[in-house]
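Letters are used for the chains, namely A, B, C and D, taken in the order the chains are written, and counting of residues starts over at 1 for each.
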Amino acid sequence: MTNKAVHYSDYLQLDKILNAQELESDKLSLHAHDEMLFIMIHQAYELWFKQVLFEIDSAIAIMHQPMNDNSPELQTIVHRFNRCVTILKVLVHQIDIMETMTPMDFLDFRDMLRPASGFQSWQFKTIEAKLGLKFEHRHGQEYYTAQLRPQQVEIIKAAEHEKSLLELVNSWLERMPFFEEPENWENFKGLEGKNGTHTYWATYRECYRQSLSEAEFGNLAYFDDIFLQSDTLKTENGSLSAKANRAALFIMLYRGYPILQLPFQLLNSLLEIDEQLSIWRYRHMSMVQRIIGTRLGTGGSSGRDYLKAALDKHYIFKEIARLTSFLIERRKLPELSPEMEKRLGFIK
Amino acid sequence: MTNKAVHYSDYLQLDKILNAQELESDKLSLHAHDEMLFIMIHQAYELWFKQVLFEIDSAIAIMHQPMNDNSPELQTIVHRFNRCVTILKVLVHQIDIMETMTPMDFLDFRDMLRPASGFQSWQFKTIEAKLGLKFEHRHGQEYYTAQLRPQQVEIIKAAEHEKSLLELVNSWLERMPFFEEPENWENFKGLEGKNGTHTYWATYRECYRQSLSEAEFGNLAYFDDIFLQSDTLKTENGSLSAKANRAALFIMLYRGYPILQLPFQLLNSLLEIDEQLSIWRYRHMSMVQRIIGTRLGTGGSSGRDYLKAALDKHYIFKEIARLTSFLIERRKLPELSPEMEKRLGFIK
Amino acid sequence: MTNKAVHYSDYLQLDKILNAQELESDKLSLHAHDEMLFIMIHQAYELWFKQVLFEIDSAIAIMHQPMNDNSPELQTIVHRFNRCVTILKVLVHQIDIMETMTPMDFLDFRDMLRPASGFQSWQFKTIEAKLGLKFEHRHGQEYYTAQLRPQQVEIIKAAEHEKSLLELVNSWLERMPFFEEPENWENFKGLEGKNGTHTYWATYRECYRQSLSEAEFGNLAYFDDIFLQSDTLKTENGSLSAKANRAALFIMLYRGYPILQLPFQLLNSLLEIDEQLSIWRYRHMSMVQRIIGTRLGTGGSSGRDYLKAALDKHYIFKEIARLTSFLIERRKLPELSPEMEKRLGFIK
Amino acid sequence: MTNKAVHYSDYLQLDKILNAQELESDKLSLHAHDEMLFIMIHQAYELWFKQVLFEIDSAIAIMHQPMNDNSPELQTIVHRFNRCVTILKVLVHQIDIMETMTPMDFLDFRDMLRPASGFQSWQFKTIEAKLGLKFEHRHGQEYYTAQLRPQQVEIIKAAEHEKSLLELVNSWLERMPFFEEPENWENFKGLEGKNGTHTYWATYRECYRQSLSEAEFGNLAYFDDIFLQSDTLKTENGSLSAKANRAALFIMLYRGYPILQLPFQLLNSLLEIDEQLSIWRYRHMSMVQRIIGTRLGTGGSSGRDYLKAALDKHYIFKEIARLTSFLIERRKLPELSPEMEKRLGFIK
């Protein structure tokens, strides 16, 4: 197929990769041994960030095409998200390596790096943006643009303006064809179907209500707000429409049916990506705290605060995570009609 | 030495261990498959908590005896703390197992367990108390006594009243003989030694001051407050005296000298214990959030809040961690006197 | 649902779990600190072995009933096998804890345990048997029965005589309905279908042949031997029939089709179980080597050799692993007939 | 200190790092998605190999200077070796990422890479050589030189001809001053000291003999062969002299004494490096087997065999590991003379 013999070191462009470490401390003839580690670990992080972006981009490209139930793409997407999770777990583990650098060892070259900072990783911010983090939900907005170059900000901005994975997930959920819905939620009152019969969701709402203890009754209003709106309505600051929320909840409730197995795995992989990103931020924060400490007014200190605030604010798929609160026990689920059961299975 | 042959299953008392799983859902003839996992993982946690307690107890017993510089005990303590760190890392990893339980699977038996809760682990609270967490610093005090049996509360209370590891570390640091100190810090003014010469700490304070940028100048007041007090004075809510803080800082600054190598490893292992406990709480919190969700007013929800608050408040060795902020670059350290250098080395 | 309030420590039977550690060295008043760890880690292993057995038993029970394509069981099985993989990864990690015990520390109580040995874990041998390891394929047969009690041998023997997971996987693969096969492989010659047209496998064989380099041509005989036999024929010492091998290969080749996604995940999870067991044996072996060394004629030494031999011989699903060698590139795969494509998809 | 402001992406040379991935499959317009991962993971490995080499080089440089007991270097070396262990653990974990590539996905571009192969990593072979692997002990000698470029072979050859870490460890152990030895082992007979009194090692040998069961008696000949030779004599194929072996055994037996604590940690870190390298080879081998399978006569297959053979043959510090077999119980150790005790402690 190809005539040219490929050599390992050319193929991997090792001349570039292995000649990209230049120590600031060496330039000042104050060789700081641990600066090499510092450079190397950040380079390893950036390599993996590129890979994660590559996987997310490929998933986004697939999700832009209306996925056919007969096509292998859903499995492909799940597989690639699970790969991202596996990569993120290694990135969390990599923090162990950074922590072999003691505070005194870091001090040997810390001042020479100013004002460079890990928060200048535009690739990481692009990952967040492509997944679905909006600029207005970012912590430390001025902070992040101040430290980046214009062309790097451009890349993130572009990602913020494209359809995010979260938005594509919303559209995909809205397209789910597998459960009966009243034809017109817009004018829908009293949770009854067009011809007066109770719909699935009217029944489900009742089951859910019964599962609540008195102290939990407030949850019902949230339920109505999230699920029982006109199809495309979203809760305040929300990204998932009522219709998408219903589809996602339905997938969680009946994940065993053949047609729902991969959709369930997809939702689950999104939660795992969020969780691993969150663990990474938390461990990153602890590491910064441990190695840099908290001198007032320095990058180190504010970096730590940034990470801490981002912990809570940068969850992307929190609306999917939230669905857990609206599940009911399997044995109390409304029975599905034979028609619905059939739709959820394979060809017979 | 012993005549009786030992058999594996007797030795491990497997008849007890492997017959200690009784499912509540089975009692109700509503077999919930995942309840077995739920029981098993908590039992595995409690086994390892017992082991951690065993290691901490042995370290505490050793530290009650004034450690002789010629004795092997310091290495023993470091070794056992590192073992605790290794165990805690596995406990963090174990959360992966718990997360294979989906919210729907947990719902199958969740209601049958009320009001049992993971916060009834008196062993974990005892670990925190033995390390040095005071009752008054605990988050959710009423909450924790309400869920425990009187005899379990007794055990924790007893641990709270014994000398904690943190207090023993303070005493050990205060006993450190290796640097010259002015004889009477009580009446110490102007950071001069008895005979008017500058002491080590006067010099160090000056070096530290020079290392601060204008924005960081406020740190100097903290420095004086923490280090330059009468020997036994502690900062507000603090557990380490000024003398102990000076010793700990000195160890960090000169860790390479033979006599300081093990003390440095000891301080480091304490920080690692804190860090692993903190990661465990964080991942535990995420897991609870993911599997239980946040129905208002339930154990799940408040459990999550409890864990979140404890994240910040239950750090035990935060005063040691804080020292990082008072380090200066190695090349700017005050020179040690030949006398001091000699004290820090081995016999010649 | 249940009136009796459940308490954490009763529910977990902590009185049993936490009172099941009795040190032999204490009985001899020669307290060896690390013996506690030694007991505890083996108890933790046995807890998890029980859990793995519980998951495997549940999967075996499901696979005894002919699985319906419309039922959620396939997902359940995959989920439980993946849980086993997650547990096995933690068990591998747990070896780090054991390795905090130095050889000198182990010597303090080693002689007191004779002749107890980790190879007396009947639960682990039962796991191997239930997965599909036959007695005649075990390394060190005499060795393993000699160290176990009769009733423990009985349990393993019983597992060896029941249908193993491997045998059930064979039956399940043989039942796969999704590809066209010539009606009678028994009298099948020349790889032609009944009416003279080439079958799928005749075409595939040709594609495979073309993918082989000259040096690899010997593989074709293996191919014929494994796949192109009468339906129920197995290769020597093999557990999978020709029909099952064809089904498994087909699943790997076309895993993207909806109906093959879960079957692919199932095959993959079996390979992961084998891989984790193998990593566990390897790390266990290194650990034994490191802590015990190799005094001639002791349990330690032969234990190490046992583990080493088992590394190669105790692979259970090696016939599934072997299929990798018979794959061809996706772009060279024979085209599927529209009829077949339809069978592999969801209802339209 | 430095005037020029440093920017994150310049500092890390991200233009090189992130523009070093060119897919062979893209050149042929047969885009294979997983080729990106394949390139990236190998680049990440090579980055970390460079870091490991950097740490080993720095340790070797330190060990070339006779280390003074008063100097911080021993701690530095231990710290850097432990860092190597931490890195190697992440490299082992990274194999999880590679294993997200299925055999079918690899087939999409496998043929396009020929004859490139992971065994062309000259950095990895250089690591082995610097640690102490001799060319004549390598498995597959012809194989390894055939795949490398002349200048890469040169680098490995140079490493093989320099003093290896293993040789430097031997010299360092021979210099250990802390135990009494008969002045002239050359003419040493009957294990008596110069003036007829029994030396430490004569006593130890007797204790060791008593600890052996009848079946283990053969070990005594090994003991004499390894330890009771003229100072610089090595066993066949051995790298450690009798004197160095005695010193290493002594360190293991009395590791608690202040002066032996760091030396013990050093020996231990070498064993951990070997163990992690070995786990890496084993998991690497399993992964190759799983993704590539075993077509006869291909790189994949022989690669797997290479790794398997290397598993046993490429242990570097096996002589240190072997010492475990010559330890005796702490309570049966010969008593040290007060003179010796004093030498092993700190200044009083």
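Heads up, the rule we're going with is that a contact is a pair of C-beta atoms (placed from the backbone, for glycine too) under 8 Å apart; a residue touches a chain by one contact, two chains touch by 3 or more.
Being a predicted model, the structure only gives us computed values, none of them experimental.
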Most widely separated chain from chain A, with each centre as the mean of CA atoms: D
Size of the rotation, in steps of 5 degrees, that lays the CA trace of chain A over chain B: 180
Pair exhibiting more inter-chain C-beta contacts, B-C or B-D: B-C
Approximate Å spacing (C-alpha centroids) for the pair chain B, chain D: 33
Inter-centroid spacing, chain C versus chain B (mean Cα positions, whole Å): 40
Multi-partner residues of chain B (each touching 2 or more other chains): 111, 255
Touching residues (chain side chain A, partner chain C) in the complex: 69-73, 75-76, 255-259, 261-262, 341-343, 345-348
Complex contacts: residues of chain A adjacent to chain D: 1-2, 5-9, 11-14, 16-22, 24, 27-28, 33, 36-37, 39-40, 42-44, 46-48, 50-51, 54, 58, 79, 82-83, 86-87, 89-90, 93-94, 96-97, 100, 111-118, 120-123, 147, 149, 152
Parts of chain A lying in touch with chain B, wherever the complex brings them together: 30, 102-104, 107-108, 111, 212-213, 215-216, 218-219, 252-253, 255, 268, 271, 275, 278-279, 282-283, 286, 289-298, 321-331
